[in-house]
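As structure tokens, here come the structures.
In the two complexes below, subunit A is the common chain; its partner is subunit B in one and subunit C in the other.
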Partner chain A sequence: MNITKFAIPEIIFGRGSFRHVAPCAQRLGARRILLVSEEGIEQAGWVDQLRQMLSAEGFEQAYYSNVSSNPRDFQIEEGARFYREQKADVILAIGGGSTLDTAKGIAIIASNGGKISDYEGANQVHNPLPPMLFITTTAGSGSDVSQFCIVTSVERQVKMAIISRTLIPNISIIDPLLLTTISRTQIIYSAVDAIAHAVEAYLSIISSPLTELHSLRAVDKILAALPQAAENKSLDAMEVLSSASLSAGIAFSNASLGSEHALAHSLGGHFDMPHGVVHPILLPAFMRYNLDFAEKKLARLGEVILNHRQGNDRETALAGIARLEEFFGTLGVSTRLRDEIPPEKRDLLKEVCQMAVNDACTLTNPRPTSAHELLTLCGEVW
Partner chain B sequence: MRKIASLEDLIGLDHGKIGHYEALQMNMHRLEIINDQLQQSRAEIQTILDGLTDIMLVLNDQLEIIRANRVFYTQFPEIEGQREGWHCYQIFGNADSPCENCPAVAALHTDSTVHSSQIHEIDGTFRHFDIIATPLVLGGTRRVQIFYRDVTRDKQLQAKYTEAEKMATVGVLAAGVAHEINNPLAAIQGFAEGLKRRMGRIKGEEDVLADFREYTSTILSECSRCRNIVRNLLSFSRPVAARRSSTDINRCIRDTLFILKNHIEEQCSIQLELDLDEKLPNIHGDESQLKQVIINLCTNAIDAMSGMGGRVIISSARTKKNGTAGVEFTIRDEGCGISPQHREKLFEPFFTTKTVGKGVGIGLSTCYTIVASHNGEISVKSTPGKGAAFTVYLPVEAP
Partner chain C sequence: MNITKFAIPEIIFGRGSFRHVAPCAQRLGARRILLVSEEGIEQAGWVDQLRQMLSAEGFEQAYYSNVSSNPRDFQIEEGARFYREQKADVILAIGGGSTLDTAKGIAIIASNGGKISDYEGANQVHNPLPPMLFITTTAGSGSDVSQFCIVTSVERQVKMAIISRTLIPNISIIDPLLLTTISRTQIIYSAVDAIAHAVEAYLSIISSPLTELHSLRAVDKILAALPQAAENKSLDAMEVLSSASLSAGIAFSNASLGSEHALAHSLGGHFDMPHGVVHPILLPAFMRYNLDFAEKKLARLGEVILNHRQGNDRETALAGIARLEEFFGTLGVSTRLRDEIPPEKRDLLKEVCQMAVNDACTLTNPRPTSAHELLTLCGEVW
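Up next is the complex of A and B:
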């Protein structure tokens, strides 16, 4: 690929940037805002704060909160109906990847009609979307800057990937202060997801210098800041995580991902497991799997992970992967597939792998991937 | 995945954020198309309205003209320039307030379609309109749609036809009567003359003889009177489109009065006065039609004085109008006169103040038509309560 493209939203970053939400809504021409969020964010008090700020500036609001981890197609379609009934004009979402993806789905249906499955795949959205203003409350999903929207089809038990440049929100507000209310597990899962984004985007066959820069920065900063953030939610560490995760999001939105994410989507759709859970299990195995096809890039990653080179490219790469595996081990999360999937359901993996090779993420994986290879990889990490 | 993406799709060089501007443009484009369609259907409706041969107006509840079709503006070109603020009664009634028995008001009031027939003076001519007013609700406000069909020509033709038919019937009757009376009349006259011839042979009884002479001459003079009546009747029975010939107006007046005498004498309190110019030139005209004019005017004069008595003065004179020599005759009565509001409707067909059965309102309009066809003029002067005078001017020269 000689010609690449790099697109990101307007990004407002920094402690307290949350306070800029009203002027942002103003600029997007809002009068009646559809606010999308979830219970956890409500409990943290952010929704109330947000609504007070909006009310103070005279914005009318309609609130939609039927959001779950791995958002479902019917939740999105219901939200779009609500948007239309309420005659809202701007979509404002505050939450993690699931909330933001729900908001994106609502935006698609609100102005394009039909069912969300009609837009599965790349560039299937043809009408302009309502203006979107996103506030992320996690450091990892990247949904607040990306052109991806992942929705679970209840009927097919699969995660559908909807890819469209028009899904990039108009404005993304990233305020590290918001991260202080999330749990340790959420911090870890989001951060590992962000590492996977950064690594896969870096290895992607459509990566560009612009995305590679962000990928390497993300890996470096997350490894440095995560232990402290997980331990005491230090605001400085959270801010680093936040900006590193932003970099990872910027990288994968423009360079796409790889087979690891394809399998993660498929597993998540099938077993309804949180997206963050699978990456510590899968990522090192997939890095090794791609070694013959991306040795130089993996060596560069190894150098960033280790902070130095260790022998030749291959040795540096392998050492980096081993260090990453070791790092995941210290986080106290599952590192084997059997920890997350009951043994009696292992037979389903064949179907899951078959589904995964059809995911758009496999397209950019350096090594052409077959269902059989995916199944072998699943065996390795079982 | 149903729709397999490609690397090109992921890079999305041809795809970007579809923004407000595009949305606006698309909406504008859609609106433009809809606008074009609306314009077209509007033009279609206007074409249909313009195709109507009747005047069509849409009025608001103040009778202000909101919309009108092409025929309206063709008839009233002065309004085209300043369409706003015109009321129907300003145009049709020449008035500042709604006409009496306005069908538009009735339609609004009863919320149902109202049919009406009205006469309006437009550009100095009286026009007869059949009017249909239908209440409408347009955009939540009450309107009335009103059609004006000009039936002046129809009414004129109808009146002429009625008149012609009447005259034809009178003609047939008169001819029959004349025929039936002429024969016995000839016998009476013949025998009376025979009696007169034989009377010389009667000797003695001079008193009786003198009486007989007087009786026979009375019989003969009355016979000749009957002949005159018959002749006059026949002159009325001629076809309407009669020939024009040199006509003595004074003789017309005398002949007519001869027929009307009985009618006048019934009204014992009416005195008839004649003031004729004996040096009146003959005019070129239709004797029977002109007699009809005189009959109509005299009948009106007598009717105007019914029950109150007075004089009817008939005068004739030589005159000049716009340098043309002519004659004029005036029939003046001392009756009830004509009220100002009736005066302008006087010559309209079917306008009458007489009670039902006494007249249908075509007398004066027929006079008007006849005089106009002789290039003459008919005018009226009246003081309400004191009487009226109708003057007819006729040029000497043939038209």
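Up next is the complex of A and C:
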């Protein structure tokens, strides 16, 4: 086994853990907090609750909410200017992956200067970041535990992957109660994103026993809990999803991802589609694409998906992929690329695939991936 | 589920990861390092190698080696004075649990002052500690990842448990190559300690899905790898032990332990026996003692130990405990208390049990534990 690194934030998990925010901010030495969130979270009432708890403990606050799904470079650069103007000393973010990635980007620029595109790729962030305290409101992005930050370059129409150990927040609060205000669609998109994280981290050429443990647990638990969570938002099911998504985040943060996510980033950057929408379309095809290069691992995944082996390694792997595809089919989400991209834009896929091969996630895919192969895969799932 | 906290150090794992020490020290801002180790590690040649690597990168060093098995309060207080005199800024420890606990104790006093006994119990350490970089040379203590520090009070003849999140080192390097210079006995004692950590953390009333995952993995892997590791120090088996012991450490650091460890601490403090020696004697008896209070969990452990279920929960649990007892029997270690305590000292056990009930580890035992019950258990395993 190669040398592997493994890092996660301090995690506070459980129903009501949200209420521990003030002592956490205290421990990070906060006096004036930059709070980052967005409209949906405000409307759900969480931002007000948070601000009241912080005020009650005497923390000063500045609030930044120029956050969009697929956060843009200029929003981050604006947020960093605001952080400095406000002389904040801790960044507290509450939201889904877009909000948390916005907060990470602000932290990078606040202490490293420059533009966010200066930090694209792995290990380009050199100065320590301001303390970060994150509260996730979805179960799936993994941004609350990960070394990843995904930002859209408006000019290049691509999602940049920024990967650095310093992007792991200091403390991550995971409270399943916060999931009760998100929509059925968001629950599903987040959960399938977490499945993709778990699967791709498991297949990654730099996976380790610890990341593999978390990947398998995540796949097992999400498949078990998602139908009930989507059906009636049962709090028990939401808690399982939260915990499983945490495992998926721990896995991919430390094992990275693969070509499926590279293409997902590139598609997301070009077509501004929600990140979760692409995985039910792409993931089974990419699992098959990797079969000859990761047969044993795909068989183990198949065993977890099916709850039993079915024939030899190859047969178990293929049966597992087929079952996963079937599972995605029951969720009422798009399963073909044509459902999400207008036909007149299909020609853009060539450029999208060209960009995807430069994404850092392709480096850890078991099968070396070319733009041509990605385009073929897009054709298969069109 | 209750609110749970989960924290681990940044981990660098793998054969040869030892060689990454200088960049790690760099990242912690080290200029003048207090290196803590002991004679056995010096003799194995690791201290010299380490000092050369650090010198080559320009780090100043001071060296402290007054470390004993079951570290004493006065050794720690002396080490803290030395740290201050030397104006060190980072603590780098290489060794087993005793060395790492000595380093933690030094860190506490260096930045909090006073005597080490001032910090006994949970959450008594309030000031941030100097950065700590640990390199474990055993697979079992878990001190390299845990929130625990165990120090013997010479006056009271008891092991004090100090538990605080700040005791988690910043970076932990786990290199299975370092295990090749320890003795067969040390390998076994460390591994059975790790089994006890995993089992007690699993049964703990504050276990969480994440700690349980790590507990079960640890038990499974240690039972599989220990015979071969003890037989021929196979590097593959050592690597599995390292990784499993890491999981056990992650589990107990975040779920704490139980009454078995409380008694082990107290016995160790009184009779200065190596920590690992007591678990094959005590653990099966304590598992049976907890049966009515943790039947389902003991059944799950039984399933992992046996690789299958055997009848109902209770039967599976009991068969698992019996198999574990059998396994300890094959290791050629003591399995009765009378093998380790001279008969004329048996009367001291009453006092030992009295002290054990005050150990913080009893708080998380599934069955509430009295001194009288501990004494009865000592009689059973005498």
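Basically, the second predicted complex is superposed on the first by the 381 of 382 C-alpha atoms of A that agree within 3 Å, B and C clash if a C-alpha of one lies under 4 Å from a C-alpha of the other, contacts with A are read in each partner's own complex, and residues count from 1 in each chain.
Everything below uses one rule, namely that a contact is a pair of C-beta atoms (placed from the backbone, for glycine too) under 8 Å apart; a residue touches a chain by one contact, two chains touch by 3 or more.
None of these values were measured; they are calculated from a predicted model.
Q: Considering only the touch criterion stated at the top, classify A:H20 as touching first (subunit B), second (subunit C), both, or neither.
A: A:H20 contacts subunit C only, not subunit B.
Q: What is the contact status of A:L210 with respect to subunit B (first) and subunit C (second): first, second, both, or neither?
A: Only subunit C; A:L210 stays clear of subunit B.
Q: For A:I163 in the superposed arrangement: first (subunit B), second (subunit C), both or neither?
A: The first partner, subunit B, only.
Q: For A:K5, is the partner it touches subunit B (first), subunit C (second), both, or none of the two (neither)?
A: both
Q: Just checking: does A:Q147 make contact with subunit B only, subunit C only, both, or neither of them? Give me first, second, both or neither.
A: first
Q: Just checking: does A:S243 make contact with subunit B only, subunit C only, both, or neither of them? Give me first, second, both or neither.
A: Once the two structures are laid over each other on A, A:S243 reaches subunit C alone.
Q: Is A:S190 in contact with subunit B, with subunit C, with both, or with neither (first, second, both, neither)?
A: A:S190 contacts neither subunit B nor subunit C.
Q: When the two structures are laid over each other on chain A, which of subunit B and subunit C touches more residues of subunit A?
A: B
Q: Looking at the overlay, does A:N112 come into contact with subunit B only (first), subunit C only (second), both, or neither?
A: neither
Q: Going by the contact rule set out at the top, does A:L363 touch subunit B (first), subunit C (second), both, or neither?
A: After superposing on A, A:L363 lies in contact with subunit B but is clear of subunit C.
Q: Residues on subunit A in contact with subunit B in one complex and with subunit C in the other?
A: Common interface on subunit A, subunit B vs subunit C: 1, 3-5, 7, 165.
Q: Please output the residues of subunit C touching subunit A within their complex, sorted ascending.
A: Those residues of subunit C that touch subunit A are 1-8, 10-17, 20, 165, 208-210, 213-214, 217, 239, 243, 246-247.
Q: If you look only at subunit A, which of its residues touch subunit B in the complex?
A: Of all residues in subunit A, those touching subunit B are 1, 3-5, 7, 29, 117, 120-129, 131, 147, 160-161, 163-166, 168, 170, 205-206, 256, 358-360, 363-364.
Q: How about subunit B: which of its residues touch subunit A in the complex?
A: Per the touch definition, subunit B meets subunit A at residues 1-7, 9-20, 22-23, 26.
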